[in-house]
Amino acid sequence: MVQGLSNEPSGRVGGVDVETSDLAVSLRSLPNWAIALGAVVALVVFAQFSEFVAESLVIGATENAPLVLAALGFALLYRLTGLLNVAFAETITLGGYFAIWLTSSFSWGFATAVLPAGIMAGALSVVTYLLIFRVARNRNVDGLELIVISFGLALFLRHALQFVFGYNTRFFETPPPNTINVFGVGVPSFRLLAVASVAVLSILIYQFIRRTSYGLQIRALASNDGLAQASGVRPLTVTLLIWFVAGLAGGLAGAFYGVGSAVTPLLGSRQLLLILLVVLVGGIWDLLGVVYVGIATGIALTAMTLLFGSDLYAQLILILFFLAMLKVRGNKLTDGSKV
Amino acid sequence: MLDWLDAFLISGFFGVLQIIGLGLLVHLQMGLSRVANFGVAGFWGLGLYVFGVLYIKVDWPFGDPFQFLICAFLATVASGLAGLLVAWLIADLDVDGALVGTLGFATVVLILATTQTELTGGATGLGGMRFPYDLGPAKTNEFVWVLITTVLVGAILLYVRWVHRSPYGRLLIAVGTNEPLARSLGKSTTRAKLTLFATTSALMGLLGAMQGVMFRFLNPATITINITLAALAGLILGGITRVWGAVVGVLFTVGLFDIVIQFYAPLPQEWFTQAIPVAREAVFGAALVLVLLFRPKGLLGEMKRPQLMRRIHDFN
Amino acid sequence: MADTITEPTTDTVLEVRNLRSGYGTVPVLNGITFDVRNEIFTILGSNGAGKTTLLATLARLIPVMDGSIHVQGQDVSNMPAYSTARLGVGYVPQESAVFPDLTIMENLSIGAMIGKRSTEERLEEVFDTFPDLRTKTHLRAGNLSGGESRMVACGRALMQDPQLLLLDEPTAGLSPLYVEQFFETIELIHKTRNVAVLLTEQNATKALGIADRVMVLSLGEGSEPLDAGDVTTERLKEAYKL
């Protein structure tokens, strides 16, 4: 109501419209599986013939698994609360630091530390909502100012954390990982763990949003928040949940980014633009679209890095490509509003 | 003659001037027209790099000051064109799209500065720029350069004041307040945005060229988002809708850290290598959050032309 | 202004006193007072009279500036919308009345979060009331025709097992065929479910057909409620301040 989105009062005649929707729904619900399965089979077959394709696919999908996770978390927040939270990058960074802290303080293995680190990042995400974004919302700050606030928070966290965790780059003191052979390409075990987490978490989040009562409330709030509240949905519980899950995804991504290379204060902010682009372009569809575009981006990034011998060129081309997409398609979401 | 002047103090002043200049220009973009620009470092950095690369790598048939003038001119044009391009890219996107577009542009500039090693020296950087005059001691040259930059920033301030009073400025305010309304009144808001970005970005490029002369060195580490956020923090603290907002705010932020604390605070020397610079950024970030939450119009408060604003708001 | 308000009796579902509300600092409603019992209570008014503002305020989506709202004897003037909904207020706005991205089934399920009765039982009742919805539960509500989406919106509110149904111009924009049918359905809902209905309407003739009482809202001020049976053109004109 207050924030009501115009839900296109459709004056179309029932009968005809229903038939097409019927068809569209049945077409849409089935092939998701079919297309994904078909694509995987085609790629696997293709990978047998070309080392380049195999490397791009395997390295791309494993090394950039954290990107998918991060984009998913970011998109969750963006689509369901309408907030483009730049400080999400620092949730990622802190996920990496939390994991380092847990492994070094309690001599936990990385695999043990990763989930608690994600939970800590989720809690941090909730705290930033309560202390800053909720206050901003209650004071009717939005649009440009809200983004600047999130930039300010990002800048603050990125530097304040250095007083806690130190200025220097930190590395995980874990034994060198086993490598596992996938289609002839050696992959460190923690990368496979990352891929598995991404897969599991994506499915869990998707199922949570699609199938559970909380998920339904989340979508209702995103779709029409006044109406949702007038129907009895309590926004605070649901909003906290979104912030927690988003932070969890970001924190896990940070831990996986960190173990893949190192943990620095710029860990998350270096990935921010790529995440933003994946979310804005992939988000034209839905959360699954973000996952698909994230995976495709990871593979394209690796393929181009292999081709040009420089990951910066690969990023450059991706950025230009995504910006062109934005120009052509616009960035208006089909749905989603403030929660 | 300039014994009282510490070499670092000169560069502190110069930095404050630069950020004030950028803040004034961001004021026109985000304060008046409410078009998001998180790529200030890109326009400024493009000017800096175009100037530096042209100055060092091209074998000019004439010496300074013409070499400086032509290179600075081309840097200004390059940034202006980039501004035009970015404005075209984001003209019909909302604030989220504008964020990604401008941030993307700044990242492209940063990547190019880092990867085009043959031209820019890449991550190690490139030196060889000179002052377009030689008045003797380095300190004198730098001092004179600070004076010249002061004149430039003063001119930008006058320009911003002029914009506030001109029909063009009213159009910008209309774009910022209610773009669909401005458009329905027959104003081309897209053209207004293109003009705005072309001119302000060009001036950002010119400031970049000034920076190149002063520091005589190109380094990708100087053209990061921190420049953008420093300008934004100063502007917002001072008052994003006010002509003098950037001046006041930057004195309180960058001025506080780079002049007052740097030279007059009795702090242990080792703090200045890491603790102070890191704290500086953390404080800028906190300032952005706190000001926008609790005093969104900044120290100077609401725009000084209430009648005009009221008239525009009444349309809503 | 109504001076002689009957004291609220036990069957008063809604009690509104001197209600002022609006957007920002500008009031749209300038002190409205009325009660709704277990009846169909219709608020008549032309465009811009404040009907939508009134219903959105009662649903607690617009802050109360002054005055009070009691639902079932409880003061809801400062309650958030979701708590008011839990007290038995079902709200069907005129626009954006469904969740466009959710299916019909999901739209209805949102309503079932209130109360203890099983969802299946409630669904069955809603499908009895709106048989057209039964076979279309998997469709996106955003793709429905105007009439269908009105049914979904109404169904969602009924799923809340409300004591008071707020319907904002329930038949606006519907084809005449639907209008009659819809009013019949509203009457049926009121009778079989024992729900008080507060609806707004522009067209007096249509509204008088089912209303027990009417109140005319004009420029943010309400007339004294009239028994629908007593309403004459003269009295209506007077209420409209014509």
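The chains carry the letters A, B and C, assigned in the order they are written, with residues numbered from 1 in each.
Assume a residue touches a chain if its C-beta (ideal position, glycine included) is under 8 Å from a C-beta of that chain, and two chains touch if they have at least 3 such contacts.
Computed from a predicted model, the values in this text were never measured in an experiment.
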Quick one: most central chain, C-alpha centroids? A
Quick check for the class: compute each chain's Cα centroid; which one is farthest from the centroid of chain B? C
Distance between the CA centroids of chain B and chain C (whole Å) is 55
Can you compute the centre-to-centre distance for chain A and chain C, using the mean CA position of each chain? Integer Å is fine. 41
The distance between the C-alpha centres of chain A and chain B, rounded to whole Å, is 32
Given the complex, residues on chain A that touch chain B span 84, 86, 132, 135-136, 139, 141, 143-145, 147-149, 151-160, 162-163, 167, 269, 272-273, 276-277, 280, 310, 312-313, 315-316, 319-320, 322-323, 326-327, 330-332
So, in the complex, the side of chain A touching chain C is made of residues 1-2, 4-14, 17-18, 21-22, 25, 213, 216-217, 219-220, 222-224, 226-235, 335
Contacts from chain C onto chain A in the complex sit at residues 56, 59-62, 80-82, 84-86, 89, 91, 93, 95-102, 106, 109-111, 113-114, 136, 138-149, 156-157, 160, 173
Would you tell me which residues of chain B are touching chain A in their complex? 30, 34, 36, 38, 89, 92-97, 99-101, 103-105, 107-108, 111-112, 114-115, 225-226, 229, 232-233, 236, 274-275, 278-279, 281-282, 284-289, 292-293, 296
